[in-house]
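Presented sequentially are two complexes of chain A, the first with chain B as partner and the second with chain C.
This part shows the complex of A and B:
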């Protein structure tokens, strides 16, 4: 994506960064999260480095710094810091980060409310639904079993998180777009399974909190 | 080009003040070279009671003087109005029972208090408090104040924030930033400590409760999570004690006085006094005298604690939720900072100590720390403080109504602000020319349980077949925690007009009308006051010169000197009724100069006379 343009203030051509290199005024922000952070589109990110970068950019862009500046710069500061905050929220979370990369690469991501059961989980989901039904009828004897199943799902998620981490490194090491797309396809499959399990855990939690309330 | 650019931002810089607009008390502070400082009133106290009374002549009495009127004129004197900000009458029905003032009809979206023959909204009443604070600062600093940072409870929703901003505007203040109270407190705390770590701020004030968890790192104050209850505070403790006292008094006196505003306020003040004493001593007398009747009780702290325990416990749920949202265990919090007058109560301190498993930090003055922090934030905005930056969050999720009355969340609570989300809308009928978007705030999943924020009407859409329109709507929560909505037609790329219908609060036009009205009535305007003061000074010099002319010393001047005095006198008379205080002062100075020798001679004559006297 080309983000080069002329400075709105002094007309200096080909301003590509946050500030005009000539008159130092704030420019219209770049909407791409990676570009905003000055990063290559890599999936494995160092959280400490990201935080440091976030703080540094906040110091430069936050509206508090533009109270006494022109209306145009105030406007850009508001836009830029909202993109910065949104970007940091997405990039610091491995799941949302990979969803963002998939999205940017043009992949369709499954509907978060998709109820279609992945075949390998059929048996477990069936058991879970039985247990939840019994709980709804007031049978508290299923509670230990529910707890066990919940833990089982959490373990599965942790396992997938490990799997994702190594896939991230594989992705970043690929030489070209085509090779990267292949890895992304695999990542998408893991994410879809993970999301399904996440929903199951949420469902259990919801039932349990509803019962406690 | 840049070599010729001069940065005018530091020249003629206007001062920005920090204001804590509290439920019970309000304060104003500014940043001095040595640090933030609160500004005292004429009575020497920095605390201005947030009480406003409407006088018969249409003027207002504010602060400590209005406190006395709570008893004499309970139906015209308003306290704790912060609890009514940004609310509709249905939100506050329960507590209105204990308020002595009347609510006018048509208070669904904005509460209208009927005071005498006038109806006033909470922002207008808060504006009186702000005006008084502004006046204080102007007297103290000797300059006009027009820009301010005002603090709000972290858990205030959009309507409550907007109402606070409106109050500032009505009072003639440009509100440059709304800062969350616990965050402001952390700034004052951080100034003190200069230590990196994770801090929880527990803020229990007169009417609201907030908990905020922050990471302090290299001058960045990053809020990780916030939670709270905008209807929980010292007032609830007062009301609990008040209703118990009222019942007990009804038995003892054989008379129910709960509908008698004057009696209720007398009892309320006695109860508050006893409550405050119990923070420092184990027993306190509750003493009520009313129309020849009396009611005496000795209140023990342990009994008091029993009576209010459930109120204190209500603060613990939000604390746990905030820790969960921040992903932290109590052990990971380095310090708990206590803010707000109600944190003086020993039971509150021990509850916090138990929950966080650490002794809370109580060194800061809980009444002043928020105002001091607001002054620091003001200095950040003015550029005087550059090494600190607040990164705050939105306390409540923001969502829109979708099919089936379900809320679809667009921006989640505890997102760092400014935060944004975009959503593309389309039409469902051929030729449809407007789309209504219903925005809600809060965590509930169903529209009927949530709190409506506003309805946005995308108007004048180009008529196209159903489903063909593509309107991108951008929801942006700004650094004040207030929602801004813009829309763009993706097909034409043009800005799309959006009409905002706030669910609670005043429209822009209503606020504008109030601003105009307040200007018409503002005798308090800084400019006018300057002129008034200059004239008072002129009066003093007029009478002094008058007196001098009949003094023997007048004849010690030669005729030229006498003519110069007369000329200067005349010139001051000529500008006396004008509106330019600088000109008046200039002429006063000139008159002063021409009469200097006269004054000296008078002094000599007086000294000589006195010396003569002693000789005899």
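This part shows the complex of A and C:
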């Protein structure tokens, strides 16, 4: 899926990149983050490579370079720089990147305040709530337990990150869209669980900060 | 949304809050969670093994007022019933008793689930001695 059009300046057909290959004028920027970076829609990305491309594109698209150019190109350079920053912020982060790909593939992503308790976590969520309750009532003896639970949740998140990384590779290796969608369904489930645990950790942090304040 | 008087009463004066010894073979524990709102509910029953009557029930719920009231009421309903009678308790009884509005019906469903989970746990504990000789045979 590439966005092709004619160059606005010289009319060369099938311009699918940032610059016209014929007259080199800046084109209307492509809103898709992957296409913008000239990448295939893959989930596993090399962060160093991405960063290098980001710097290079930043220089090429910087509005300062277009002060003496046409209004059209000035306008495009502003647009393109803004998309570039958004795209880089999303693509460099594995979580946001996979959410972006899910979104593009038409998947609904769970509410960020997702409260659905993963069944295997019920016990721990209950214990955590008990400990937070006791802390609110001024019982500081639960602090070591809370620290331990917090660490345990962080470990679980780290484990999920590993799981995601390997699912990314599986996704990229699939031969067609249908097979990719299957992998994406699994990725979405991991992301939802991860978000739930993230919220738990945030809740603990909030309580601890409130106590120290 | 205003809570009914009965919900407020159970919320302000919850009955049977606390816990029973999970390891006691005559104690059944049900731990359930509600996907709709993130509520977590623990409900425990203590059964007289000779009569099958529920002698004590306790709960601890993290959630909204309706969830707390539903589980508080559930423990009251459980006491004095046999395990089989308790299995007949329907969430609609809780809805009616507490005048729960439609958006809070899931709280009563959660309480019913917790009762069923506690009974299942109790029954599983009771079966252990009679099952293991069969398994070894």
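Here is the rule we use: the second predicted complex is superposed on the first by the 211 of 213 C-alpha atoms of A that agree within 3 Å, B and C clash if a C-alpha of one lies under 4 Å from a C-alpha of the other, contacts with A are read in each partner's own complex, and residues count from 1 in each chain.
FYI, a contact is a pair of C-beta atoms (placed from the backbone, for glycine too) under 8 Å apart; a residue touches a chain by one contact, two chains touch by 3 or more.
This is a predicted model, so every value here is computed, not measured.
Looking at the shared chain after the overlay, A:64 reaches chain B, while chain C stays out of its contact range.
In the superposition on chain A, A:125 makes contact with chain C only, not with chain B. In the superposed model, A:117 makes contact with chain C only, not with chain B.
Taking chain B and chain C in turn and counting the residues of chain A each one touches, the greater count comes from B. Once both structures are placed on chain A, no chain A residue is touched by chain B and, in the other complex, by chain C.
Residues 10, 22-24, 55, 58-59, 62-65, 67-69, 78, 81-83, 85-86, 88-89 of chain A are the ones that touch chain B when the two sit in their complex. By the touch criterion given at the top, residues 115-117, 119, 122-123, 125-126, 129-130, 133 of chain A touch chain C in their complex. Only residues 31-35, 37-38, 40, 42, 60, 62 of chain C touch chain A when the two sit together in their complex.
For chain B in complex with chain A, the touching residues are 1-2, 5, 9, 13, 176-177, 217-218, 220, 222, 377, 380-383, 389-391, 415-421, 476, 478-479.
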